[in-house]
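Each structure below is given as structure tokens.
Below, subunit A partners subunit B and then partners subunit C, in two separate complexes.
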Partner chain A sequence: MQADKSLDCRGMACPMPIVKLSKAIKEMSAGQVLAVSADDPGFEADVKAWCETTGNLLKSLESEGGIHTAHIQKT
Partner chain B sequence: MAEERRMSMILFSGDMDKAMAALVLATGAASMGYHVTVFCTFWGLNLIKKSEALAQGGILERMMGFMNRGGTDHMPLSRMNMLGLGPRLLKKMMREKKVATLRDLLDTALELGVEFVACQMSMDVMGVSKEDLAVPCEVGGVATFLNEAGKSRINLFI
Partner chain C sequence: MGDQQGKQKILYIATHGPGDPERATLPFVLANAALAMGVEAVVALQGDAVWLGVKGTAEHVFAGGLPALGELMDGFLEMGGRLLVCSPCIQHRKMDPGSLVPQAQVVAAATLTGEILTAKAVLNY
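On to the complex of A and B.
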């Protein structure tokens, strides 16, 4: 999936991936897509919850070899 | 966002593990669009106190200030403190798991605009002056907190 910006949160533990992705989204404009990768095991559930609360669109969430990659579109 | 989201929290504890929980919640909420207020009272003042701060006042205040140092590096654990060995071991375990330190979380919270309020009455009792506080914050009392709590969706006491 195409992304306008990507963010590497591997090696970070809760709450930092959510803090970083929130900062990144803030700097983007509506309609742009952010790709975030993280190996925090809680990230899968957290990114879904973050999108639900903030109203941004979770376009995809894939996991491979313990790395979760999410594509989020800013609304 | 149609409605403004607010979260308020009382940090009563001066324990490192409880302060961690408070700051993870504060930074997480701030990242989810919440305006966050942390009201630091009693032992919770230690999180925002300077480590070198010495209490002013009579002998009791000064004794307490000596035994009750502030700052993120001087907080004990709520369990298994083992005369200060516990926090050291936990910090090492946290480093290995790449968990942010209390200091990092406090800096992140400030950067995200989390507001800290120092309890005026606790400061007075313990001989803590505004100059002893390490973070920019408002000093207030029960009405300051309740005014904020009344507007908040989430209220916590830690």
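On to the complex of A and C.
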């Protein structure tokens, strides 16, 4: 999936991936897609909760080798 | 993020200072997450937690598995989190209010009670 911006949050502990993606999304325009990669074990659940609360769209969420990659579309 | 959600507020009451890094750090983990989710977050420092409000202290608090407290404190304040510090707690410890970070607001019981009554949730650490 293509993204307008990518964010590497590998090596960051909770809650920093969520904090960083929140800041990144604020700088983007509606409809744009942000790709975020993180290896924090709680990231999968966190990114779902963040999208549900903020109303942004979780387009995809994949995990491979302990790396979780989410594509989020700003609404 | 709808306006209604943006008006929600969570109050975190912290009571542990640098002597217990994990409990000192956890309220700021949650508060940072709340702010990132568009929720208003207020941290009230009471008891030994008031030391966390002293300039330069948070930078020296590290808990395993968690971001450094200094990083969390900076992010919390940058995102608009409000930091309240218990007035009688700093008086008891003979602390100079001028030693606190500039964003700290020294408050007494009635102010904190008002914050509790207007919060969606109150968590005590």
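Everything that follows uses one rule, which is that the second predicted complex is superposed on the first by the 75 of 75 C-alpha atoms of A that agree within 3 Å, B and C clash if a C-alpha of one lies under 4 Å from a C-alpha of the other, contacts with A are read in each partner's own complex, and residues count from 1 in each chain.
One rule holds for everything that comes next: contacts are C-beta pairs under 8 Å (C-beta built on N, C-alpha and C of every residue); 3 or more make two chains touch, one makes a residue touch a chain.
Note that the structure is a prediction, hence the values are computed from the model and not measured.
In the superposition on chain A, A:Met16 makes contact with both subunit B and subunit C. Shared-chain residue A:Thr53: touches subunit B and subunit C both.
Once the two complexes are laid over each other on the shared chain, residue contacts for A:Gly65 go to neither subunit B nor subunit C. Contacts of subunit A with subunit B, set against its contacts with subunit C after fitting on chain A, overlap at residues 12-16, 18-19, 21-23, 50, 53-55. Remark: subunit C residues 1-2, 5, 29-30, 32-33, 35-39, 65-67, 71, 75, 79 touch subunit A in the complex. Across the complex, subunit B is touched by residues 11-16, 18-19, 21-23, 50, 53-55 of subunit A.
Across the complex, subunit A is touched by residues 1, 24, 27-28, 30-33, 97-100, 105, 108, 112 of subunit B. Residues 12-16, 18-19, 21-23, 46, 49-50, 53-55 of subunit A are the ones touching subunit C in the complex.
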